[in-house]
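In the two complexes that follow, chain A is the common piece, with chain B as its partner first and chain C second.
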Partner chain A sequence: MTGIMRLGGRLRRAVALSVAVGLGTTLAFADQTQIFDPKTHKWVNYDRKKARQYYAAHGQVPDAFRRQVVDFRTAEKPGTIIIDGNQHFLYLVLPGLKAVRYGIGVGRDGFGWAGIVRVGRMAEWPTWTPPAEMVARDPNAVKFAGGMPGGPDNPLGARALYLYQGDQDTIYRIHGTPEPWTIGLDVSSGCIRMNNDDIVDLYSQVQVGAKVVVLMQGAALYKGV
Partner chain B sequence: MKPLLRGVCVTAAVLGGAFQVSAADLVVAMPNWPSGQASANIIKAALEKSLEVKVDVQEMGTMIAFTGLDTGTVDVYPEVWQPNFDQLIQKFSTERGTVHLSSRNVAATQGLCVTQKTYDDFGIHDVADLKDPAKAKVFDTDGDGKGEMWIGARGWLSTDVERIRAKSYGYADTMTLLEMPEEVAMSAVDAAAATDKPIIFYCYSPHHVFELHQVKQLSEPPFDAAKWNIVLQADDPMWLSKSDAPVAWKPSSFSVAYATSLSKRLPQVAKLLDNIDFTADEVTAMSYAIEVERQDPAKYAEQWVASHEDRVKAWLQ
Partner chain C sequence: MRAAFLAGTGLLIGLAAAGCSSTAPEPQNMARTTVQTAPADLQLTCATATATQAGVDANKVLPVGSSTLDATRYQVDLNASGQRYTCIVDNTGNVTSVQKAA
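Moving on, here comes the complex of A and B:
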């Protein structure tokens, strides 16, 4: 049995993982994702520090969060995106009861929402405009108050899918990140982040209008549905 | 089938467009759940092929369909769920006599389901297990110590009943009760099944989820009319506190309904409708074909009728 789990205030188990991590055995962090180490048969914490260490050592995130085609029996039609923030997975439904599964990073406080939306707009190397409250509290954000041009350091990464409910922008996005080691963690400010290779892959396979289902479990519940 | 007493809000929303002028001989009202879409179209295909009547299929909810059956703008409704719509049946069939219900029905179930993995690995077998905080915690996804479970969509009358049952059994204290569109709930089941994660949810059958995943319905005390005291939200703001139902749903079923006047106007049509005898397995297969295989309901129905010629002939006897 392998999986991801959260400890400390939250106890969450996700996924069947097979993570050949070699993360060491000292557990000094609580309230973070855990991954199962098949070598030691122990759960090991997967927090910011461990994630950085893993990424530095391997140049990529653990197996579970890497892009892969998985069996996925669903009534949703191919092209639909299903987001499971609790397990840090985004599924793109394929024909034949399969899906592409991507690892994602989600918000520190969850999404605060769940339900059915659609991809209303898509952009390559999108401009990022910090929210007014961030500009007010973070001097580093002031220079980008009018918008930060797209590029490798832009927080939205290589691509962005803008999520709409009807014709209204929900303000939530699925986007890339210049910090790929954060995949699998709860670190963003509410959007869904993927590493740049993955968001480029996803972007190439979906079109404006694609259905997006955000599950009500886990991350979507932190602020209540 | 989304049986469940799809609510006033939903039905009210379609009221404006429900009754369309039709040049057809008959109007079959079509529910918006998969098996209802299939069976409405099978009825159309069977009638047009066997009796050469022109049939129009129009989508509408059960409550609107009953009004149409009563006033003559609708002739047939393929899936009337009981006990969910007992009040409508009482009003239009028993009291007014304008709606006839076929004596044949398809057995159905409602209750709480888990995946086989949840059943086997986490020891969740009976509804009473949910009162155990340790077992309920298995379903915790947001870290508050309580489990989460889907109890139905907003607007379904069955969702009110499930909330009453949660209070009555006592698991309203250990579980967070979620109301969401069925597609969100079913996607959560898909994701849980794909990763062997435990999940519990309100379920009804026939439904394609039983074909898509290995699902087990939890055991619970049998229905007892003396213990089934339901006041609906639409009827009383104190509905929850006034209600109590610590038992299983009454055994459910659904059957074809048609306007009583059809018996005189088109007796052959009425005979065919009375003889429709879908099995639960057939209805599940219909649901799977429409919802999972994404077959067009009209084309699926034409193929079904073509491959069940003897069956349709028997309906005419």
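Moving on, here comes the complex of A and C:
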């Protein structure tokens, strides 16, 4: 939900296109989340409408997107964050070839990115400042042009991890959300969103400087490589 | 005769139900995306192997794509400091090939 919108959308897509083509990767992926319906034994598309209905009926996201400890074979150090943008999971590496897996929401089509970055700073109940162009097009954002104080309605939710490339803010964050039903979907402007309980849990186990690897097949942008 | 028919029918229904339930994933796996990628840990395993082979900093090797080769193997495409590599890894984490892409 954050400041990636500072570049004009058209310009940004052009830059992303040139970067992605330069890396020789495929740009467009028809990436659709699906969930298994135990009643019909069929995989069904899980879009924004379906997700909202599911959350209203169950009061939580599907099992697969709930926090759980899983096997995770990696040489990365405990405390490292691995984001699988395609599958909508964030892993926090634990000792003993394990990881905590959380469900996440990621960038919508054209806003997905990949790279190797780090946690540059962290904040509790962070202030959200809408980008200038959002303020220009959305009258509701005008009153927050100077910053929306942290709180339950703040788009950044309960906590935020600010992702840096070297000493430079990438403008991307891992943050909470007041819209927990969006976990599992491609909905953001490039930020990684988690439900508030999960971002609080992650925040309590991560330190500034932690390595963050973002995997995203078909990414529109690359950072740190 | 009727009892035998009912028993047979019941057996068939039972087998059908068992067949259906055996195809259902575990609850934690009841989500997927239509783009099938290698599991994240296997992509990272390939990144580590590629860093070693390419002689570059592991922090400069990023998996940028992956696909299923067969029931047990994945291909992972990587960017290693600007050079493209292809890695083959199986579902137990054994890397069987790392090659610089043409």
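Keep in mind that, in the parts below, the second predicted complex is superposed on the first by the 179 of 225 C-alpha atoms of A that agree within 3 Å, B and C clash if a C-alpha of one lies under 4 Å from a C-alpha of the other, contacts with A are read in each partner's own complex, and residues count from 1 in each chain.
Everything that follows uses one rule, which is that a contact is a pair of C-beta atoms (placed from the backbone, for glycine too) under 8 Å apart; a residue touches a chain by one contact, two chains touch by 3 or more.
Since we're looking at a predicted model, the values are computed, not measured.
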| item | value |
| --- | --- |
| First (chain B), second (chain C), both or neither touched by A:74 | both |
| Contacts of A:114 with chain B and chain C, given as first, second, both or neither | both |
| First, second, both or neither for A:65, with chain B first and chain C second | second |
| Chain B versus chain C as contact partner of A:88, first or second or both or neither | second |
| Partner chain(s) touched by A:213 [first = chain B, second = chain C, both, neither] | both |
| Chain B or chain C, by number of chain A residues touched | C |
| Chain B versus chain C as contact partner of A:46, first or second or both or neither | second |
| Partner chain in contact with A:184 - chain B first, chain C second, else both or neither | second |
| Set of chain A residues, in rising order, touched by both chain B and chain C | 70-76, 82, 84, 86-87, 89, 91, 99, 114-116, 213, 215, 217-219, 222, 225 |
| Interfacial residue positions of chain A with respect to chain B in the complex | 1, 6, 9-16, 70-77, 82, 84, 86-87, 89, 91, 99, 110, 114-116, 213-219, 221-222, 225 |
| Contact set on chain A toward chain C in their complex | 23-26, 29-36, 38, 41, 43, 46, 62-65, 68, 70-76, 82, 84, 86-89, 91, 99, 114-116, 184, 211, 213, 215, 217-219, 222, 224-225 |
| Parts of chain B lying in touch with chain A, wherever the complex brings them together | 137, 140-145, 148, 150, 176, 178, 180-181, 183-188, 190-191, 193-198, 208, 212-213, 291-292, 294 |
| Chain A-facing residues of chain C, complex | 20, 23-25, 27-35, 37, 40-45, 48, 58-66, 77, 79, 81, 84, 93 |
